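Okay, so chain A shows up in both of these, paired with chain B first and chain C after.
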Partner chain A sequence: MSIGIEVDGRALEADEGMTILQALRRAGMDAPTLCYHPNLTPVNVCRACVVEVEGSRALVPSCSRRVEPGMRIRTDTGRVRRARKVVLELLASSVDTSTAPELAAHVAAYQGDPARFGSDAVRVDEPLRDDNDLYVRDYAKCILCYKCVEACGEDAQYTFALAVAGRGFAARIETGADAPLLESRCVFCGNCVAVCPTGALMPLIEHRMRQAGEWDPSRQHVAETICPYCGVGCALELHVQDNRIVKVTSPADHDVTRGHLCVKGRFGFTYVHPDPPSR
Partner chain B sequence: MPEIRRLLARAGVADPESLEAYRSLRGYEALTRATERGPAWVLSELEASGLLGRGGAAFPAGRKWRAVAEAGGRRRVVCNADESEPGTFKDRVLMEEDPFAVVEAMTIAGLTVGAEDGLIYVRGEYRLAATRLRQAIDQAERAGLLGADAAGTGRAFRIRVFRGAGAYICGEETALFNSVEGRRGEPRNKPPFPTQAGLFGDPTLVNNVETLCNVPVVLREGASGFRRYGTERSTGTKLWCVSGHVERPGLYEVPFGTTLGELLELAGGVWRGRRLQAVLCGGAAGTFLGPDRLDLPLTFEDLRTAGGTVGSGAVIVLDETASLWDVVLRVARFFQEESCGQCVPCRVGTQRQLEIVGRLASGRARPEDPQLLADIGAAMTDASICGLGQTAAGAVLSALTLQPLVPPSNSRGKGAQRAARGRPGESV
Partner chain C sequence: MEHTDLLFLWGSNPRETHPIMFHHMLRGMRNGARLVVVDPRRTPTAQLAHLHLPIRVGGDIALANAIARVIFEEGLEHREFIAHATEGLDAYREAITTYTPEFAERVTGIEADTIRRVARMYAAAPRAIICWTLGITEHHNATDGVYALCNLANVTGHVGRYGSGLDPLRGQNNVQGGGDMGAIPNRLPGGADVEDAGQRAPFEAAWGAALPPRSGRHQSLMFEGMERGEIRAAYIIGENPLMSEANLHRSRELLDGLDFVVLQDVALNQTAEIADVVLPSALSWCECDGTVTNSERRVQLMRKAVDPPGEARDDIAILQDLAGRMGHKWDYTGAEDVWNEVRRLSARHRGMSYARLAETGGLQWPCPDPGHPGSKFLHERLWRRPIEGPRAPLMPVQWEPPVEQPDDAYPFLLTTGRRLEFYNTGTQSRGYAAPRPQTEYLCIWPADARRLGIEAGDLARIRSRRGSLLVPVRLDDTLAPGLCFMTLHHPDTMPTNVLTIDAWDPKSGTAEFKATAVAIERVAARGSWREELVGQEEMSRAD
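== the complex of A and B ==
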C-alpha cells in the first residue's frame, strides 16, 4: 500500500513497510551509510544516516525507521548536517581509513576534519591478525558496523564465530578469548569479508598484494561465471588482474547468493594458476 | 518547606522483613482497593494523579500502564531497580527498608495490566535489597498475595528477582531486557517501545522503583489526595539523594516545587559554613547548577526550563574548595567507561569528551576545546541510540557555563593527565 510522506518539504509516495532510507533512495535522494547493507538486518549503529522526523526528540536512523503515513522528514537541517559530520569525524579520527573509500568520501562530502581532535586523540590500537591462509583481520580499521557479526550469524551463515566483546571505546569484534580463526568456529565462508566496509577484513591475497604495492584496481576487470564446485549455481565475479584471479565476490542482488558464498566459491580458486601468489 | 514522609513512611520505622509490620502501617490497603474496584479504576486514578516516571525520563505512568493493559497477548511487568546513576541511592533505601511496597505495587501493576510475570532487575551490588525483596516475595506468596491465585483474584501473578552484573547501561530499559534474555547488554532501537515489544518480545510495563512505590500512595489517597503535594505538572513528592559538601547528606522526601535552596537547608546547608560552588543535579546524566539557582523550584518543568533535569534525583553539592573540573573529569570518565560501544557518537564521543575534559582539568585546554565539546555534545545528544549517549554531554556542557572557584591548573591533575593520554578502557 502506498502512503504519503514529506521529505524536505517535498511530497513523496512510499510503500508501507519501507524504511525512510529506501523511500529516499527511490526518490533519488540519499543519506550516507556505513553499517547499512541491503541484505542484512539494519542495526543502525553508525548513525551517519540520521534524519529529523517531526515529533521525535532525537534524530532518527533512516536505515531502520519505517515510514508512517504523514511522516515529515528533514534531511537538510543544520542539526542533521552537524550530527552526521561529527559522527563521520569521530569515526575517521579513531581508525585507519586507508582502505575505507566510502568513509573517506562521506567525510569529504561533509567537510569533516578528523584531525581537529588533536594528534594525541586515542585511536583503535590493534595488531594485524594474520593467522590463516585465507583472510586477515586488521581491527585498527574496524568501525564496529556489526555487519560481519550479522553475516556470520543470523543474517546469512548461522555460524556465530564472531561477536562484539568489551564495551565503549574498548569494544571489539571477537572470536571468543581472541582465539585464532582456526581455533574458532569460523568456517571460512568469507561472508564477513564480503560485507566489511573498511577493509578491516581482507582476503589474504589482496592483503599481500597491497603490501607489495601490486594491488591495482585500475588493471582489474570482472569476469562473471557460475561456481563450478556444486549444483547450487552461485554467481561468481572473478576479479582478474594481469590475467590472474585475485579475488572472488558475488553480486549482492543475485537471487541465489545474495552476495554470500561458501569457502570453496570464495577462496577455492587458486588451483586455476600453477603458482598461486599466496603462500 | 518541611520534609514529608509519604514514600518513606515505613523506612526505618517498620521491620522490613515482616509482612505484619508492613500491613500494620497501611500496607496492602492499596491492593485491596485495586482488587475491589478493578483495573479501569486503577488506570483512571493513576492517570488523574499525574504521576510521572521517576527513572529519569518522566513519562506519564498512567499512559504507560494503559498502553500495556490494552496490548494483546502475554504481558509482563518489570521493575527497573538497576539504580546505577552516580550519587543516587533512593531506590536502594526503598527496597531495603520497604520491600513490601515494591512487591505490592508490582502486584497491582500485574493485575491491572493483565500480566502474570513480574521481574525485578536489581543492581548487582545491591545484595541486601535483593535479599529483602526475595524475603518479601516469599512471605507474600505464603500469604496468598502472589502466586496462582494472587490476592484472591483468581488470577496468577508471580515475581522473580534478577540481579544485574554491574553495567550502568543495563539500567536502560531495552538493554535490561537483553541482559535478562542472556544477550549482550546493548539498548535496542525504539520503536518498537517496551509497551509494544519488551522482555522476550512481549508487551512490557517497565517502571522505576520509586515510580512503583508512588502507586499504592495514589490508590490509598486517591488522585486528588496524591496531588495535595507538588505542582500542577509535577505531582506528589520526590526523593532527593543529597550528597557531597552538606552537613547532613542523605535521602530527603519533599514535595515537588521545593526550591534547591530549601532542599540544601534541609540537609543542613553547605558544610563548615563554606560557600556553594555548584550542584550536580540529576546524576552524571544531569547538569550543573550554579549558586544563582538556589531559588529554582525542583520540578520537572522548572528544571527543564533551566536546561537541567530531575534525572535520577541525585543532588551532589560542591563547596568552594572543590575542583570543579576534577568532578567533571570523573563524570566524563564514567561515561567513557560505561558506554556500551554500540553506536558511534557515544562510543567515540565519550572517549573524545574524556580526552578534552582531561585537558581542561589539567589546565592544558586548547582554544578549540569548547567548540569541540559543543560539537561532540550535539552529536551525542542528537544521534545516540539511547539515553546514555543522549545525556553524556549534559554535565560537561553545563560546567562550561560555570565560574570555577578553583582554577583548573591548581587541580591535583594526575588523573586528568592520565585520562588525556589514556588508553581505551583504562581505569584512571
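== the complex of A and C ==
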C-alpha cells in the first residue's frame, strides 16, 4: 500500500512497511549510514542516519524507523547536521580510520574535525588479532556497528561466534573470553569481513599486501563469475591485481548469495596461483 | 525455500555442503517453516532441526514407504491431486502395505510414533519441500530411493506449486548443466532422448553427422567394460577417478590396464600418475568464459578474470583442436558461440542470450524465448485442467538393506561424506589455508572407541573386504553406535576409497559410498606413531 509522506517540504509516496531511509533512497535522497546494511536487521547504533520527524522529541534513525501516513520528515536542519557531524567526529576520533573510506567521506561531507577533541581524546586501544590464516581482526578500527555480529548470527549464518561484550567505552566484539578464532565457534565464512565498514575485519591476504605496500586498488579490476564449489551457484566478484586474484566478494544484491559466501567460496581460491607453481 | 511451511531434508547436510542454500532455509525457518532432517549423523544441519530422525544407514525407502502408509491409513492423502495428476495408485498402495511404522522402526531405528508424527506434519503442511543429497543417491538402490521421495510429494500434492516441491541439491557447480548439455549417457543437449530418432534428427542435421542411436555407458558401466576388455582407452576431463571411484584397488587395476589414458585437468591430480598424456586445462570459473547451471536450473555466466598459467588452455579450444586433428572442422569462436548453438538446439534454453544472462544474473530454464522471465519451478502442468502432458507415475519401490551389513568380521559401518572446509578429492581445496588441518581422520562413536580400547588421537587400522588403511581417530558423539565416518578430501595422504564398495545402482551408476562394512583395531597410542604411517595401506582380501 502506498502512503504519503513529506520530506523537507516535498510530498513523497512510500510503500507501507518501508523505512524512512528506503523511502529517501527511492526518491533519490540519502542519509549517511555506517551500521546499516540492506541485508541485515537494523540495530540503530551508529546514529549517523538520524532525521527529524515532526512530533518526535528525539532525532530518529532513518534506517529502522518505518514510514507512517502523513509523516513529516526533515533531513537537512541544523540540528540534524550537527548531530550527524558530532557522531561522525566522535567515531572517527576514537578509532583508526585508515581503511574506512566510507567513514572518512562522511566526516568530510559534514566538515567534521575529529582532531578537535585534542590529542588526549580516548581512543580504542586494541592489539591486532592475527591468529589464523584467513582473516585478521583489528579492533582499533572497530566502530561497534554490530554488522559482524548480525551476519554471524540471525541475519545469515546462525553460527553465533561473535557477540558484543562489555558496556560503554569498554564494549567490544568478542568471541567469548577473547578466544582465538580457531578455538571459537567460527566457521571462517568471512561474512563478518564482508559487511565490516571500516576494515577492522580484513582477509589476511589483503592485510599482508597492505602491510607490504602492495595493495593497490588503482591496479585492480573486478570480474564476476560463479563459485567453483558445490551446486548453489554463488555469484563471485574476483578482485584481480597483476593477474592474481587478491580478494573474493559477492554482490549484496544478488538473489542467490545476498553478499554472503562460505569459507570455500571466499577463501578457497588460492590454488589458482600455486606458490611454488605446480600447474 | 524461504516461503514454505516444512523443509524436509533427507540425507542432506547443507549447513556444511551447501552453506548459502542453507541461508535461504534459515530465512524460511525465520518465516515460520519447520525443519525436519533425516540423517544417520547429528550433523550441524540436524543440530538446528525442529526434528532430527537419526535413521540407520540405508533405511530411507522403508521410512518413506511407512510415511506414505500412515498418510493413506489416516486419510491425509491429497485425493484430488492423486486422481487428477498421478497414475499407478493401486500398485503403489499394494507395495507399501507391509510398511507399518512398527516394521519401519525395526529397519530404521526411528520410533513408530515419530514416523506417524512426521507423516502428519508433511501431509498437513500447506507447503512442503523435500530436499535430498548424496545420502539418498550414493546407494546401490539410489534411484528407488529418489522414487520413494517423489511418491511422497505426489500423494500429498506437494509438487508443482510455489513453496512446494522436490529438490536434489547438486554437489558441483555444473552437475545440472552437465546433464542438461548431454554429458549423461542417454541424453542430448536440452534433454533430448538419444534413442528417439525424431529427437536426434535436429542434432544430426546441425552437426552434419550420424549420431549413435543407443545410450552410452555411465561411468560404472565403463569400468565394467574395462574389466571385460571392451574399453581399452579413456579420455578423462576434469575428474580424478582414481581417487573418486569406489574400491580404489579395482579402479587402479582397471585404469592401469588400459592401453591409453588421456587426462585433461586443471592440476596434476592422482589420476595423472597413470595417464599417458596430460592436457593442462584452464580453470573454467576464472580463466575462461562460459556458463554453469546451478541446483535451481539457473544458467549463470562465468567470466575470465586472470590468464591461465603456462600451456593451460580453455577446454573448448583443446577439444576443437582435437576434433580438427580427427578431420572435423569445428570453428566456434568461443564459449558464447557454443552457447548460441545450444540455444538453437534446446528449446528450454532458447531465450537465454549472454546479454540477458549478464543483465539478470542468471535465468532458470525453461526459458523458451527472449521475453520469457525463466521458470521458478517445474511441474505446474500437473495442476492444470485438463492436465498438460503425462500423469506423474507413482512408483512402487521396495526397501533393501545396503549390500554390506556389519557382521562379526566387519562389525562397523563406514559412511562417507563431506566436511565444510574441503571439497571432493581436494584438487581445488587442498591449496588453501583451511581452518582445519588438511588431513583425514576417522570419526567413531565414543562408546565403540572405549570398547576397542581406542582413545582420541590414537592410530587405528580400518579394514574392509577390499583394503585397509592406518588412520588417526577422533571421537564423535554426532554419530551412532556402530557408525563411523570419513571423507575423500585428502587422497594425497588418505585414499579412503581403498575401503569403499563398488556396488552401484543399475539405473544411475552411482556406487554405495554411504555403506561399507569395516573392522577397526587400535595400532598405536596417541603421540607414539609417526606421521608417515597415516594413510598407509596393506592389501587385504580376506574374502
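Operating definition for what follows: the second predicted complex is superposed on the first by the 275 of 279 C-alpha atoms of A that agree within 3 Å, B and C clash if a C-alpha of one lies under 4 Å from a C-alpha of the other, contacts with A are read in each partner's own complex, and residues count from 1 in each chain.
Basically, a residue touches a chain if its C-beta (ideal position, glycine included) is under 8 Å from a C-beta of that chain, and two chains touch if they have at least 3 such contacts.
The structure presented is a predicted model; accordingly, all values stated were derived computationally and were not measured.
Student: For the combined arrangement obtained by superposing on chain A, do chain B and chain C clash, or do they fit?
Tutor: Because the two structures are overlaid on the shared chain, the partners are seen to fit without clashing.
Student: Between chain B (first) and chain C (second), which, if any, makes contact with A:134: first, second, both or neither?
Tutor: In the superposed model, A:134 contacts chain C only, not chain B.
Student: Quick one: classify A:198 as touching chain B (first), chain C (second), both or neither.
Tutor: The answer is neither, since A:198 touches no partner chain.
Student: Vertex at chain A, arms to chain B and chain C: angle between C-alpha centres to the nearest 10°?
Tutor: 120
Student: Touching A:143, do we find chain B (first), chain C (second), both, or neither?
Tutor: After superposing on A, A:143 lies in contact with chain B but is clear of chain C.
Student: Using the superposition described at the top, determine whether chain B or chain C touches more residues of chain A.
Tutor: C
Student: Touching A:156, do we find chain B (first), chain C (second), both, or neither?
Tutor: second
Student: Chain B and chain C, closest CA-CA distance after overlay, in Å?
Tutor: Superposition on chain A places chain B and chain C at a least C-alpha distance of 16 Å.
Student: Do chain B and chain C touch any of the same residues on chain A, and if so, which?
Tutor: Of chain A, no residue contacts chain B in one complex and chain C in the other.
Student: Enumerate the contact residues on chain B facing chain A in the complex.
Tutor: By the definition above, chain B touches chain A via 167, 169, 184, 189, 191, 336-345, 347-352, 355-356, 366, 368, 372, 375-376, 378-379, 381-385, 390, 420-425.
Student: Can you list the chain A residues touching chain C in their complex?
Tutor: Listed in rising order, the residues are 132-134, 154, 156-158, 181-182, 186-189, 204, 223-236, 238, 240, 243-245, 254-258, 260-265, 267-272, 274, 277-279.
Student: Which residues of chain C touch chain A once you look at their complex with the stated criterion?
Tutor: Residues of chain C touching chain A: 17-21, 23, 26, 30, 48, 169-176, 266-268, 280, 283-287, 292-296, 298, 300-307, 309-310, 312, 361-362, 420-423, 427-435.
Student: Chain B touches which residues of chain A in the complex?
Tutor: For chain A paired with chain B, touching residues are 44-48, 50, 58-59, 61, 64-65, 79, 82-84, 86-87, 90-91, 93-94, 116-118, 120-122, 124-125, 143-144, 163-164, 166-171.
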